[in-house]
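Same chain, two partners: chain A is paired with chain B first, then with chain C.
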Partner chain A sequence: MAVAGGTLEHEHGAGHHEMSDALYEEIRGHRLLGFTLFLISDCILFSAFIFAYLYLRNTIDHWPPPGIEGPNLLFGALNSVVLFGSGATMHYALESWKHGNTKLFYRWLGLTLFLGLWFLLGQGYEYSDLYYRQHATWAGSIFGASFFTLTGLHGFHVFVGLIYLSVVWLQTRAGVYTRQRFFGLTAATLYWHFVDVIWVFLFFLFYIF
Partner chain B sequence: MSILQATIEQTLTLYFGVIVFLTAIVQTKNEWGKHALEDNVTKLLLILMAVGCVEAIGATLGFLGHHGGA
Partner chain C sequence: MAVAAQHSPLAEHIHPEPQGFIRKYVFSIDHKIIGIQYMVTGLIFFVIAGCLAELIRTQLLNGNARFLTPDQYNEVYSMHGTAMVWFVTIPLVTGGFGNIIMPLMIGARDVAFPWLNMLSFWLFPPAGALLFASFLVGAPEAGWTEYPPVSLQGPPGTTLWCLAIILIGVSSTLTGLNFMVTIFKMRAPGMTLTRMPLFVWAQFATAGLNMIATVALSAALSALFMERVFGVPFYDPNHGGSPILWQHMFWFYSHPAVYIFILPAFGIISEVLPVFARKPIYGYKMIAFSSVTIALLGFMVWAHHMFTSGMAPWLQLPFMILTMLIAIPTGIKIWSWMGTLWGGVIHYTTAMLFAMGFLITFTIGGLTGIMLAAVPADLHEHGTYFVVAHFHYVIFGGTFMGVLAGIYYWWPKVTNRLLSEKIGVLQFWLTFIFMNLTFFPMHILGLEGMPRRVAVYAPQYTDMNRFISISSYVLAFTFVLLFINMAWSLKYGKKAGPNPWGARTLEWMIPSPPPYYNFKNIPAVLSGPYDFGSPLPYIGLEEELEKAPGGGPLPAGAH
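So, the complex of A and B:
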């Protein structure tokens, strides 16, 4: 019996491998627990980098180091709101799916992808400003190393999230999910919220603290 | 950074920040009665998202962060 991704739902829908609701709920519970553990492990990964950053930052008297202004606060705030907004649109996408409004679901999901891409491009703009105008490089300073590593790790998660959401889009188009069985969609929403929330901490650490 | 650019960024951040903050609060309220694992995780993440909006709005209004830089 296949249990990966949305295969179960698809097979259920096609009627090849009929699965009882009780069995599906049991497997769904296992998947959800596994996915939550994955998110917790990702939290630990970010925590390790954040503590390393805080340790390094405490070794320097002036932060950011002389000659580097640091990231642009106003632009960072706008970019943050864009990412948080994408979390809200993703939440609405999931709710639309639950309520059977497919048209609205695709609109919210499309808006989520758009905002996620906007955030990534904004990060690219931020990087170019730091690199070319302020000459902050990965190897040149502790500030550059910590900023590019942590925000780069987060940006990679956003990039993966965009791919994930695109796959979910294609899966829904292909009829993988039903109104009752849509775990992949729930997991994608949780992942996207997680990516948002990690940025809450990074924004505080690099732009506010 | 030009004043015009800063003003545009501040206006957009305030406008969308308030919208997203209210959305996060309302959605948290809607999720409050649900107690499945994904609902609890969603509630936590939505609350933190609202905190993020407060951060962004506070930074834009000058309450938070260092405004002497770029």
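So, the complex of A and C:
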């Protein structure tokens, strides 16, 4: 009967929730590809806004426009170090999980959440400096439009990432992942690294370029 | 057996069919039901958008008609274009045909992410409701392209328009992602990439376009939304923005979007022609790879829509050349299809007639596309009815002829009933003749200088406009024939059985309509699906048709 593969016998008896390793691997493959494609399309979203920023920036001679200093390079650099640091701690968190060291995993994950939150607070400080001292508003100029839209979109991704990592934390507490099966953790890590990499480009484009 | 080693554990894992009306027909996760939902919703929007087209044609019966006010006229053609592009064509060819047929063709039990598929569909009706709700507050008036600054000053409905297109865009992106994983990961054992049916190749290329281009459109629309609602300056030159920026971002999506329409239609044609010519498809690999080439080139030509927008002359040349290059993969397809017909035993069924009609009307649309790609000609023709004629030949003469061929071809698989060939053949001839009578004169009007998107026109265009309008009423009537045929078939149509056409792709190897789980056994695939005259290249299908309604033995597939 099973010459080429599937049969019609339902596997929905007692053992439904204990999927075989082979089945898990197959589903994991689908999800990994699907998640990667999602990140690629998200990358296009950022690229489109970056294109808009470069296009608008190219229409005027001086950037930032007269009257606006723009974000502070040193502060931005320090804040970036915080975010990149969180990428490193997330990497160690995943590695700890793979090695079965749960205690270390929670420490690294906690540190990641802390650094992510720190980055967002730093960004909040930067925004308030631009808004109150430099009077650069979102709707005020093409500088405000591109800076606040792009860094805001990125900040929103960081915010979502913090929620995502917190959910993963709760899931590990609830025993959703095992040492062998932890795709949700892998996906969260991929997402977090993705957000880091986007920031590399944004930092270069807004602080250095 | 060697193939047994490749079997997929997921394919063995069959979920029980959900019971209850809601889970079965409303919030279904079955790709076939979702596909039917897409088709029905898409056809409803098609009727609405078609009525809008007839309003346009009624206004144009007279050069200074008072049937619609100029503002109403602007609303009507903007909504006609918007609805036809995003709410009819794309959902029909990807969400509709793609969902129903593609997983069956690759021997899968469903798409990779059924729940995501359900979400994709359920973003579609609310998006449509949002779009048409804009009539209540003043619908967008700047055409389906909504160029700023006009769209920035447009009525409040323009904001709803942005939201509706963002929603339907997210839906398309998710469908693209879902299909990509499905085609990459869930093909039956032995179905290598070059053994996939060409419709699957077309869906594959389309999924890539949907996944990438649509997101860029979402970015452009979000920026327009932010500018309209919060005054964030992206496009308004008074505040430092640039209207040309919108055109770049919009066309970076919307040019690939025309390939989102047409590639699945290419796929349908590539299935229908060999079946009714009883001959292997000619140039399989060339057709498959040319789909991918078209998809890639489609990303590099967007600025050919902007030759008159004030772009640097040195930039016009590469866009012109790249655009003309697309004629090569497209020409390869046309010649391959003609090669398929050459020496074949042609059966003139309705589906085949539409496919052959497609070859003619699409080629006309393609040729005028090359004319428009040439910068000197475009400077003259841009913004005239010549452009309207061109894209209606491509979208109606191309995509919609493909869609109609697909409806007549796969209807028996979905409903287990045949459509009436008598009504079908009558519909084909009326559609084909009146499609040409409606859209061909627009070329001439355009070359004579009649501008598009204007509610009135100079007296010398009156006769031809009346001719077009009257032809368009008959064209609309031909769709009444289609709906009558569908209703008749559901009640009185002849039982089709699993494989009424003697086709060889996998969807015809199982009962009509296919059961919830599609295949009892996932078959092994030994070669491509087009070798008419050879034994069927599938192993493991012996039990499929045991209890099929009107079952019987597998048709040999050879003529």
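The working rule: the second predicted complex is superposed on the first by the 193 of 209 C-alpha atoms of A that agree within 3 Å, B and C clash if a C-alpha of one lies under 4 Å from a C-alpha of the other, contacts with A are read in each partner's own complex, and residues count from 1 in each chain.
Methods note: a contact is a pair of C-beta atoms (placed from the backbone, for glycine too) under 8 Å apart; a residue touches a chain by one contact, two chains touch by 3 or more.
The model shown is predicted, which means the values in this text are computed figures rather than measured ones.
*Asks:* Given the touch rule stated above, what does A:W138 touch, chain B (first), chain C (second), both, or neither?
*Replies:* Second partner only.
*Asks:* Considering only the touch criterion stated at the top, classify A:A77 as touching first (chain B), second (chain C), both, or neither.
*Replies:* In the superposed model, A:A77 contacts chain B only, not chain C.
*Asks:* Check the residue A:I163 against both partner chains and state whether it touches chain B (first), chain C (second), both, or neither.
*Replies:* neither
*Asks:* Check whether A:I208 is in contact with chain B, with chain C, with both or with neither, and answer first, second, both or neither.
*Replies:* first
*Asks:* A:L33 in the overlay: touching chain B, chain C, both, or neither? Say first, second, both or neither.
*Replies:* Both partners, chain B and chain C.
*Asks:* Tell me the contact category for A:S20 with respect to chain B and chain C: first, second, both or neither.
*Replies:* Only chain C; A:S20 stays clear of chain B.
*Asks:* Using the superposition described at the top, list the residues of chain A that contact chain B and also contact chain C.
*Replies:* Of chain A, residues 29, 33 contact chain B in one complex and chain C in the other.
*Asks:* Tell me, which parts of chain A touch chain B in their complex?
*Replies:* 29, 32-33, 36, 39, 69-78, 80-82, 84-85, 87-88, 91, 129, 134, 186, 189-190, 193-194, 196-197, 199-200, 203-204, 207-208
*Asks:* Under the stated contact criterion, what part of chain A meets chain C in this complex?
*Replies:* Against chain C, chain A makes touches at 1-8, 10-12, 19-20, 22-23, 26-27, 29-30, 33-34, 37-38, 40-42, 44-45, 47-49, 51-52, 55-56, 59-60, 65, 138-139, 141-142, 144-145, 149.
*Asks:* Please output the residues of chain C touching chain A within their complex, sorted ascending.
*Replies:* Against chain A, the touching part of chain C is residues 1, 3-4, 6-16, 109, 112-113, 173, 177-178, 180-181, 184-186, 188-190, 211-212, 215-216, 218-220, 223, 226, 230-234, 239-242, 245, 248-249, 252, 517, 519-524, 539-540, 543.
*Asks:* Of all residues in chain B, which touch chain A in the complex?
*Replies:* Per the stated touch rule, the residues are 1, 6, 9-10, 12-13, 16-17, 19-20, 23-24, 27, 37-38, 41-42, 45-46, 48-49, 51-53, 55-60, 64-67, 69-70.
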